[in-house]
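Heads up, the next two complexes both have chain A, just with different partners, chain B and then chain C.
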Partner chain A sequence: MLGQLWGICRYEFRMQLRKRSLWISTVLLLTFAVVTQGDRGPRHVPMEATAREVMGNWTVLFWIMLPLVFGVVLADRVVRDRRLGVRGLLLGLPVGEGRLLAGKYLGGIAATGLPGLLALLAAAGYEAVHRGTIATFGWALVGFLTVMLPGLAFVAGFALVCPLLVSAPLFRVLFVGYWFWGNLTAPRFLPSLTGTLLTPVGAYPASWLLGEPVMHAGVPGWLAMLRPEPTGAAALGSVALLLVIGVLPLVVTVLLRKEGRA
Partner chain B sequence: MDIQITGLHQRFGRVVALDSVDLSIPGGMYGLLGTNGAGKTTLMRIIAGVLAPTAGQVRVGGHDLTTRKGRVAVRRRLGYLPQDLGLYPDLSAREFLDYVGLLKGLDETAARRRQVGELLELVGLADVADRRLKGFSGGMRRRVGIAQALLGDPALLVVDEPTAGLDPEERVRFRTLLGSLAGERTVLLSTHIVEDVAQTCRQAAVLTAGRVRYTGPVVELARLAEGMTWEVNAPAGAPPPAGVVVSAISQPSGTRYRVVSEAPPGPDAVAVAPSLEDGYVALMRRPAR
Partner chain C sequence: MSLRLRYEARRAGPIGWGAPLAAMVVTSGLAVLASGGGAAAHQVDHLVMAGLEVVLSLAVGVAAIAVVARESCRELHLSLPVWYGGTLARRVGVMAGWAVGWAAGGWGVLAATGRWGGPAGVSGALVWLAPLVWLGAVGIVAVLLSRSVALATSVVAGVWLVELLFSGQLMSHPVGRALFLFTTTMVGHGDGWLANRLWLLGSGVVLLGVAGALLAWPQRLLAGEED
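Entry: the complex of A and B
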């Protein structure tokens, strides 16, 4: 049982890491983010700032746009089994739908998470040299685990499953629209999910990391009940919600596929 | 692993894919012949436990395939090569087989790797085992397909149209390989290429429009055309007026036709011994009961 899950996860991870588009688009987007960060970006954080603040800024900078790449890349991971003709083969194997999808989910998160983690570690290395503290590495890991990973888990759940309903290209278009509307649009301009506990851009964990509200966390307006005061507990709640909601589409899909499968 | 099928029906909406199919498939190599759309793939998918039958009884090695438990049990002892075989292009042949081995529950790494290596040798892909599958030809992909089906030493091997699209050399090679695999296991070969069955199977069934038209020894199927198989010379462009032309060979003096017909197709027609293909054609000419 665990051998199968581990196997699917391992090979999904391996296949995705070999996808050149994952690396090229990540590098291009991160380069763009670093070059255009402006004077509010992490390169301009004062020298007296803590390692936590510095790496919190880098995490936010990277994570604002990086999920766009990951959502787009992950969109074909399940549907491609049918496109490639592998699905027929998988159906004849003694492996359950739940394990198949769970393996793809975990392998997908690991493969897309790796470039994000490497980017943060590279930034931590730069800051360690620049500021003379290796604490930046620790806070890079914290940023990855609290902001990137839960958001990625949320994005991965939907990106794997939704293309079964709306096709991968259409999902990608809708996902880009959702990302800007649901994560970056100021809620006082347009009713949006931005700044709620449910934003995979990680407004609450990022606010906790930086020690001040960012990305509209806690602002009043539409869906105000989902924008509580940004605290450590709220950040924890947001992380838990993102992880649980990310798994929901997978659970529904497994139940539906079990129903349809012989 | 014997297969017993009784009164099998399969519907897809309003389309009847299989209609009152009764079959008894013993161990060894067994051929399933039929035209495209005859229901062969549907039957293979049911036997492989991939598709639940609409009605009827299917027992494979004693497992009842009308139940989920039975289908799962069969999948554990099954090697399945589907008609539309797809592979992950970003993996090498060795990696792909290792992956399928894991999915088949071969958890012991050393044993799995050893078996993968042996199968790559068996299908003649050891030299290219570490090359990505995206560069493989159709024949090589089919060989990877048969290797993955053999992982775990399955008692039942279900191969659906395995030689479709292969060049003659690959086809012969593949056929020989399949023939050598039967031994103790049941190998169910579905194809519309009569020659593949003629060269590998002792028993066969013929399916048309979802119904079984023939079941029994392959030699008996050939005998259905006994006294009905003729060869006749005719000027080019003038095929014999009666019967079904099985083959036409162009010659300087005209064309030599092989014809299946109740009556001689011409005054100089010569009766010849029927082949399996002739028997198949003769069967197809009979009205369905």
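Entry: the complex of A and C
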């Protein structure tokens, strides 16, 4: 059973990894971000700052932009089976619907996460030379595991499933709009999910990493119960919530498909 | 609507009419949320105007990519004694016309009720027309160059997000200021506003010309990335 899951996951990983759009889009968007970051960006963090603060800033900068690429790239991974006419073929295999979707999910996360991890390691390399400490590599990994990966797991769950309902192009429009409204818009300006435990931009883990509230974490607003004080425990809770909720769309899809409704 | 335009509207698919409509629904929803959240009337009006300038242009940019890329019988089209660029132009034009209709409707309602916060008169249309043309043109050129929906969508989405997040840095640079998409929403319509709109419109038209030139080799489109 695990062997089948591993096989599907590995296949999906290799397919995704060969998509040139994933790599070119990542490089383009990160270049936009690095060039336009301004005085408050990670390149301008004081020399006396710790490796943790430096890599926390790079993680935040990268993770503001990268989900756009990942959501867009992942949006067609499930709907394409239907479009290419291979869904019947896949259903004929001795692999359950759940395992098929789980393999796509895990493989997709691994493949889209890799460019993010490499970007962080590249930034860590630059900072290691610039600041003379290799601790930046360790904090790059921490940033990836606490901020990027849970957010990616959340985005991937919805990006794989929602296009079944609204088509991949329309999902992409809505997703980009959601990313800005639900993660980056100040809650005092507009009621939004920004700054809650449920923001895949990782407001809480990023606040923990940087040692100060960032990205409106805990700022009063809509859904007050999801806006606790940004502490280490709250960051852990946010990571757990993102991981669990990211899987929910897949579970619902599998259940509906078993009933023949999706 | 002529038979040919009706055909192109159907070929544009649900994204052609769905994306601009979704942009308007999202804008209305946000306005209702803001209003319910205690925002003042002028803030809600500004939000609706921002929807026309910011949200609609994103919808048109991404929809233009999908409309250009969505063709299951491109080989057949290329074998016909008709310029394929003309077919695509009609198809994108139908989608853009639908979006312009929505934007003009929203603008008209706000102006008629005295709640329009943008420039008065016909130039008020440039609030939404300039970014719509520019981002739509960028999307078309990106998909024709890259032959990848995912890559072109990422470019449009990236430009859109960078302009929203790093407006300060962009506005401090002459080129960034000339091509800043959301001047009315983020800065207002004071000095330099009209020049910015004309730069956007002009460069958008140039980009559409580039798209036309790229379609001189439509066979390039046959070997795109599958997405």
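The criterion applied here is as follows: the second predicted complex is superposed on the first by the 260 of 262 C-alpha atoms of A that agree within 3 Å, B and C clash if a C-alpha of one lies under 4 Å from a C-alpha of the other, contacts with A are read in each partner's own complex, and residues count from 1 in each chain.
Keep this in mind: contacts are C-beta pairs under 8 Å (C-beta built on N, C-alpha and C of every residue); 3 or more make two chains touch, one makes a residue touch a chain.
In this text the structure is predicted, and so the values were computed from the model without any measurement.
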item	value
Which partner, chain B or chain C, touches more chain A residues	C
Chain B versus chain C as contact partner of A:P46, first or second or both or neither	neither
Partner chain in contact with A:P220 - chain B first, chain C second, else both or neither	neither
Partner chain(s) touched by A:K19 [first = chain B, second = chain C, both, neither]	both
First (chain B), second (chain C), both or neither touched by A:P169	second
First, second, both or neither for A:L91, with chain B first and chain C second	first
Contacts of A:G132 with chain B and chain C, given as first, second, both or neither	neither
Touching partner for A:I8 - first (chain B), second (chain C), both, neither	first
Overlap of the chain B and chain C footprints on chain A, listed as residue numbers	19
Parts of chain B lying in touch with chain A, wherever the complex brings them together	48-52, 68, 71-72, 75-76, 78, 80, 82-91, 95, 99-100, 102-105, 107, 145, 148, 158
In the complex with chain C, residue positions of chain A that touch it	19-22, 24-25, 28-29, 32-33, 36-38, 64-65, 68-69, 72-73, 75-76, 80, 166-167, 169-170, 172-174, 176-177, 179-181, 184, 190-191, 222
Partner chain B, residues of chain A touching it in the complex	3-4, 6-8, 11, 14-15, 18-19, 81, 84-95, 262
Complex interface listing, chain C residues touching chain A	14-15, 18-19, 22-23, 26, 30, 33-34, 36-37, 39, 47, 55, 58-59, 62-63, 65-66, 70, 146, 148-151, 153-155, 157-162, 164-166, 168-170, 225-227
